[in-house]
Amino acid sequence: MTDEFFYGVTLSSSHQSETWDPEAKAEYPRSNKLVIRQALLGPDAKPDELNVIQVEAMSLQEAVKLPVAVLKVGESRHVRLDIEFPDAPVTFTLVQGSGPVHLIGHHLLGALLEEFEDMEEMEEEMLDE
Amino acid sequence: MTDEFFYGVTLSSSHQSETWDPEAKAEYPRSNKLVIRQALLGPDAKPDELNVIQVEAMSLQEAVKLPVAVLKVGESRHVRLDIEFPDAPVTFTLVQGSGPVHLIGHHLLGALLEEFEDMEEMEEEMLDE
Amino acid sequence: MTDEFFYGVTLSSSHQSETWDPEAKAEYPRSNKLVIRQALLGPDAKPDELNVIQVEAMSLQEAVKLPVAVLKVGESRHVRLDIEFPDAPVTFTLVQGSGPVHLIGHHLLGALLEEFEDMEEMEEEMLDE
Amino acid sequence: MTDEFFYGVTLSSSHQSETWDPEAKAEYPRSNKLVIRQALLGPDAKPDELNVIQVEAMSLQEAVKLPVAVLKVGESRHVRLDIEFPDAPVTFTLVQGSGPVHLIGHHLLGALLEEFEDMEEMEEEMLDE
Amino acid sequence: MTDEFFYGVTLSSSHQSETWDPEAKAEYPRSNKLVIRQALLGPDAKPDELNVIQVEAMSLQEAVKLPVAVLKVGESRHVRLDIEFPDAPVTFTLVQGSGPVHLIGHHLLGALLEEFEDMEEMEEEMLDE
């Protein structure tokens, strides 16, 4: 079964980094996926300050660390990202600026993938009969 | 069966908050999901005023309350959100500004998920025969 | 079977309103869905004029009438909407400004939904045997 | 089987029009679909010039001819379109400006639709047994 | 089975070009697909400099080489692309400007396509019985 949850986190001077790592806390293994839809600079952000969100995540062959959003009042307060993280852990850090930056998206628990795997196994069992 | 409906709500000084909670009104239980595609500041909004939409919703582990849209005439009148709320209730509040802010999206009643669950049950029954 | 068609309509002073209502014209019932991808202010639109597109459509419980796009030369000529109308009729009206405003999207005839319903019926029939 | 290809075409004063018509060249019939993700004004485009891309395509009931992108250096160099053309032929024309305008997307050959039709036929045959 | 990975690469004066070619390194053949969600000009990019990302990839009938992103501080720091490359190799080159430009997306290994092909083969075998 696939479950889906709203996801929202706020980074600021007082909470500069957040790690998404649901597998570390899980009682039994399920696949997890995080989708970040947008980054939004809060209404009280300082004018003229560049706010930079950096992400650390695993790619196919290596760990990657790079900025994913650069936000500034009057220039780009909202950024649509639609970035997907199929593997935990993922760390978001406010590496420049004082924010607050709100990251909004959703968290999928038990991916659709499993459904197809199940179907495939079922098919194979049917063919074996 | 999955049903889908257009969804639109307007927040302003005279209607600052709206709670989406179809399950509370339902006669029999079906899953519900709300997708907000965009927030739009109406044509008569005041210039130079920041309008802030805050959302309160459940994430996997806790209730989350954060801004999802910051709108201002001449700067960002339209914001594409594409945020998904798989669980009711969700409350949208115009916490700053006088709007009007229009939230537009769609409401899914009886999610696709059920279809896959049905298929899975069916598969299991077939394998048991 | 699901058919899909490109959809485009232009609203202006001389054609201020358009109703999408394919079911009214259909010989036999099929589900219809309209997806509007973008609203675009034409190249000859007047500068400094606000153009407002209003939509009237059914939501789950009531008819809704609200603006979906506010366009202005030099500010927002293109707006990505991605709004979906699973039920006809839908009426688009240029309630302010002289346009032209082009609404672009696609029309689905016989939704994917039917496919799943068919599958579900099939499953039920198989289980009944 | 569904095949998918990257699609890119450049329109300019020296190549003002491009027709996408894969079926005309095909040896055996397969469904085709073109998705245009974005229009991009090239880095050497003239400042202060409006560039307009017009599309001609079939809708459900008639041929449609309308602008889909209006581009200008410093105002809107990139436009996200996500417009889908399920039927060839489609003609893109640079009706105003000297470009270059790059249209970028992908081309689907043998749509997912067929898969569902096949599944349905298969289901029907199973029920007939 | 379909695997999915976060993908991120940075182009700058010191690393102007990157070729994505997972098949060249693969031990056994699996289909690969690269999706680029956004291009982002890094926080330390020079003001007033145009940064141009060019892509070289195969389309259905020929190799295509064209710009996909034009970035400039204060004008367009973030560009949403959503371009899909179903065939390796794909080469991204920073042909103008000094960057850094971050390309962010995901890499699919063993496409959904295979699932459908498997299902189709299974269906054919069932019908042949």
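Order of writing sets the chain letters: A, B, C, D and E. Residues in each chain are counted from 1.
FYI, a contact is a pair of C-beta atoms (placed from the backbone, for glycine too) under 8 Å apart; a residue touches a chain by one contact, two chains touch by 3 or more.
Please read these numbers as outputs of a predicted model, since none were measured by experiment.
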Intersection of the contact lists for chain D and chain E: none
Distance between chain centroids, defined by C-alpha means - chain C, chain E (Å): 31
Chain A and chain B, separation of their C-alpha mean positions in angstrom: 19
Where chain C touches two or more other chains at once, by residue number: 80, 82, 119, 126
Order of the ring members, counted from chain C so that chain D is second: C, D, E, A, B
Chain C partner contacts - residues on chain D that touch it in the complex: 33, 50, 52, 55, 57-60, 64, 66-70, 75-76, 79-87, 90, 96, 113, 116-117, 119-120, 123, 126-127
Contacting residues of chain E [partner chain A, same complex]: 1-8, 10, 22, 37-38, 40-43, 74, 77-78, 80, 82, 102, 104-107, 109, 112, 115, 118-119, 122, 125-126
